[in-house]
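In what follows, a structure is listed as structure tokens, so that the remarks can point back to it.
Each chain carries a letter (A, B, C and D) given by its place in the written order, and its residues are counted from 1.
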Amino acid sequence: MVKPKHIRRAEVISYRRSGVYTVLTVSAPGIAEQVRPGNFVSFSVGGEESGLLLRRAFSVLRAEERGVYGATVDVLVAPTGCGTRWLARRRPGDMVDVAGPLGRPFRLPKSPANAVLVAGGYGVAPLIGLAVALRARGCRVDFAVGASNADRLFGVLDAKRNSTIARVLTEDGSLGERGRVTDVLPGLMERANSEVAYACGPMGMLAAVAELAAQRGMPSQVAVEESMACGFGVCMTCVLPVAGADGTTRMVRSCVEGPVFEGESVRFADVGTVPSDVYGAAGSPGDGEPEPYSGDA
Amino acid sequence: MVKPKHIRRAEVISYRRSGVYTVLTVSAPGIAEQVRPGNFVSFSVGGEESGLLLRRAFSVLRAEERGVYGATVDVLVAPTGCGTRWLARRRPGDMVDVAGPLGRPFRLPKSPANAVLVAGGYGVAPLIGLAVALRARGCRVDFAVGASNADRLFGVLDAKRNSTIARVLTEDGSLGERGRVTDVLPGLMERANSEVAYACGPMGMLAAVAELAAQRGMPSQVAVEESMACGFGVCMTCVLPVAGADGTTRMVRSCVEGPVFEGESVRFADVGTVPSDVYGAAGSPGDGEPEPYSGDA
Amino acid sequence: MAVDLTTVLAGVEFANPVFTASGCAAAGQELDTFTDVTTLGGVVTKSVMRLPRAGRPTPRMAETASGMLNSIGLQGPGIEAFLANDLPWLLERGARPVVSIAGSSVQEYTELAQALRDVDGVALIEVNISCPNVEDRGHVFACHPASAAAVVSAVRRNSRVPVFAKLSPDVTDIVGIAEAVLTAGANGLSLINTMLGLAIDPGSLRPVLGAVTGGLSGPAIKPVALRCVWQVHAAFPDVPIFGIGGVRTGTDALEFLLAGASAVQVGTALFGDPTALPRIMDELGTALDERGLTRPGEIVGRAHRSPLFVAPEGPDPLGDASLRAAG
Amino acid sequence: MAVDLTTVLAGVEFANPVFTASGCAAAGQELDTFTDVTTLGGVVTKSVMRLPRAGRPTPRMAETASGMLNSIGLQGPGIEAFLANDLPWLLERGARPVVSIAGSSVQEYTELAQALRDVDGVALIEVNISCPNVEDRGHVFACHPASAAAVVSAVRRNSRVPVFAKLSPDVTDIVGIAEAVLTAGANGLSLINTMLGLAIDPGSLRPVLGAVTGGLSGPAIKPVALRCVWQVHAAFPDVPIFGIGGVRTGTDALEFLLAGASAVQVGTALFGDPTALPRIMDELGTALDERGLTRPGEIVGRAHRSPLFVAPEGPDPLGDASLRAAG
């Protein structure tokens, strides 16, 4: 189930600003070679004396096996809080600590199919590599790339280059069309005769994409983003309710069983809750009883 | 009693390695102008996300009021633990947070006198500026500079340049004479006809210097180094037993009432204890009672 | 829009809700060389005992991850010298003193309260009960409801100003202790004091602190402090609380208010940044403003309630955005 | 000179004194992709309950200064699936399992112990008593000597291997709890579990955790953990102790041994560095070697004794330097 993973003190090779984002290229031998679209890597943040203990997760934007600088990975860093801002300040020659590849990648269709890729904000990161991989397998790729505003729109050129149709949207209309990707998705799916959907972005967007795909009776794969303490499956912080093939919903770890899930299996409406029909909820000892010590414990 | 103090985000102007030490020059307007020999400054360490909360104290090695880079201070950083190692890695252009001037400086003789300066390891830092100041007042300066080995010997040239006699010693004989400064001090005092002693270095050395001076009936001033949480007088961590003019020993703050003390007033043998005759020890409520909560509290 | 930081605690008005913590700003004079102490909500003075006190042996501090241990042992001048020198300085300077008192018997606390009774200008009294009780085998007052209550009721009976009891987190049931001191007459609570901790020196192979154990403070303990404030505010929503423990930024202060504190005290952060208090005041003001709030009181305990209002993200603090209901 | 890290706990021998902490390495499989789990002292498995358990709502974690809060709520497969899948994997792999059990009644703990009784290969049982007791108004077992003792004695009676009781630091008197569980038959103690904490989200104005409060872990709590080990070792010097809380380096491990632990468990540090355990083992070996020691056992509790030996600073670990008496 799990591939060998690596953890490396790695050199920052280059950085590039794009709107609010920073693209970091870091050397990652042992990791870059294994990455497939949808995998993520994690970084330590804050430096040696850091009071920030937990790693930060980033989709791999691009993995280079044998580039000028050897094996490297690119990540797209959005400034969210102290950790991402620290990372965005790294400069060539600085050392960072990177681990990966983590998570399950997107599954590719066995035979050529028409794929529609839907990206929200930095959610575009794993989809660009995916588009390339899909095209290499003879799939038609269509893209819907959206963001709240132009500063948060990334990868438009790459999306266009690797797709038949590319729709570009911002919520405030500052670049491309005004609106949300989900507004144009039904039309795009229709026109492109889409057979499978891939999405990465905010949870609400993922839910909408999964729903639209389901309505058309087509499969979808969504890459979710849950708070993660470990990123490699040991802590159980990153769970969400996912229905299994057996019809049973379980609280499933998005870091090892995801972050990519079948759209239809994720119970989006119940994310952030433990639904009463979830495996282990009803029969659970102490269920419904006071739990003053919710910390484990 | 207290001068206005400043706290600044300051640029590192230059750094220089010398044996195990690093000399950092940082811009310090508002601070450099006020510094007198024996004052110290304090730095935050570890960067923005640091888990190290407390500032680190350093004697001012040199203060420049109007240099090429404006007002600057130099400090001599010995690699002791994580904070000093972090500081020693700073490079020109990096920003550091500096506060000062802190502590009471050395008092200078009112009229020209023969001064002997005794330095152990990085304890030489405040004494070089002191030598200059003393000579400017017409004092004769003699120097004894010692360290455990050549890598920990600093400022030999400056000491020689600003003194009549300079004895240089290492414990392992790797540079200068083999031995300790206190071995040669009686002879030096004799030869130089010393009238006042100034010392900075390990506590044992300070005690010996104070004792030798006392034996000759001459005054001494010693700069001590106690663990400091605040460095500006509010926390009471940095105390040591010092006899006052009234004959009463008090637990005195070395950050504001020191770090420079009259050698004879420091009760060296009792440092690290609260002697029973100290002010507040005997009459203290709860004295001798169990104190399970020693944290204040 | 202007934020008014005025804060009322047990009927006493302060310019803002940011105070120094006891033992971390002495009696204000040294801090005043960095920060104008008259601009602060108030200065909580180092806990004073009846007699002068030399404290514990050094080393008295050890740095720990995002925190520190101290074992000062309440070194101080005693109440007479405090009343002769420290308090007059604060009052002449125009600062608002909250006087913290500590003792090793109920009698000592009583005498301290009596000594303060006829002194003008004391805004509040804070009772530090994290002290060993010589009359009860050295057990710490703060750890037992009955002894905590005995001290507070003695101080309450002998004071003219509101009395805040400062509680220790090192107990099984902080709400039970809070209840005991409130029943005994406390007008407010200060939460929390340091936690008992230890550091070992891997060089000497011995404890770092001369006193072996010490009190843990700083951002490391903030989650415990917030939890204590949360639990006590949930049980006693009308009681004014000082939130104490790891406050370093305006956001930290905001979090304490949301958990149920009416004001905060800043301790360890002052050692790293002697100018922390005015910065925290500014940051708190900005944080309130960004959320469309005009007074700190509007958010005290807000985190306990279902989120009726969410923070607007745009520059529309008072528009519809701030009124939209959240899920 | 070679250091032999072999460690004996309650008569059971382990290759070294560095273990995973319960809940921070699942049942070893995922960790094994980074670190060979057979090289560890042992793997303490996530506390298992009788039945499968879904845990608490998300978010289940909040990062704090040098620490984190978690509110997993003991999500797990239940004892049957654990015995069918997890334990066999560990044993086939050749790791040393310490099985942690949790329940909400004495009966549940009893059944868990019985289910484990006839299973081979379990090195030790660790009893996580930081759980609410449904039969006592949800009070946490670990917070009351009588309920803690009741659980431990039930498990002890039904187990063939040594039983360690894992205590909570959130009590007024940890030595009293230790005494109760030792009297009830515990063969050793695990100190400490997480501390109850809270984080507030300044954006939503609500607690970060879905479960409101959570358990604080990481280097932030190390001073409290060391203090608990110190106090309990002082009271019961012959009882084997796992030191737990903020261990991240070999020096941290050394400090716990000096305070009185015979071995350590590493939790939160694994999240930041999944290869932390072998590194800590190496660093500990080097630290012992530099001090002229050959076995961890030689320094267990050493910090309680006057320093007869000091650490030599030079490369002369066995020479005169290591024998010179210190002041």
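Note that a contact is a pair of C-beta atoms (placed from the backbone, for glycine too) under 8 Å apart; a residue touches a chain by one contact, two chains touch by 3 or more.
It should be emphasised that the depicted structure is a prediction, and the values quoted were computed from it without experimental measurement.
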Third chains touching both chain D and chain A:
B, C
Averaging only over C-alpha atoms, locate the centres of chain B and chain D and give their separation in whole Å.
44
Averaged-CA centre spacing for the pair chain D and chain C, given as whole angstrom:
33
With chain centres defined as C-alpha means, what is the inter-centre distance between chain A and chain B in Å?
55
Find every residue in chain A that makes contact with two or more other chains and list them.
51-52
Chain D residues touching 2+ other chains are 65-67, 69, 195-197, 212-213, 216, 218-219
In graph terms, with chains as vertices and touches as edges, which category applies: line, ring, star, complete, or other?
complete
Would you mind writing out the residues of chain B in touch with chain C in their complex?
2-5, 7, 44, 51-55, 99, 226-240, 250-251, 256, 271-274, 278-281, 283-286, 289-297
Interface with chain C, chain D side, in the complex: residues 62, 64-67, 69, 143-144, 170-173, 195-200, 202-207, 212-213, 216, 218-224, 226-227, 230, 246, 251, 254-255, 258-259, 287, 291, 299, 302-303, 307, 309-311, 326
Residue set of chain D touching chain A in the complex reads 23-26, 29-31, 33-34, 46-47, 49-61, 63, 65-78, 102-105, 108, 128, 130-132, 134, 137-140, 168, 193-197, 209-219, 268-275
In their shared complex, chain A is touched by residues of chain C numbered 65-66, 219
Residues of chain B touching chain D in their complex?
51
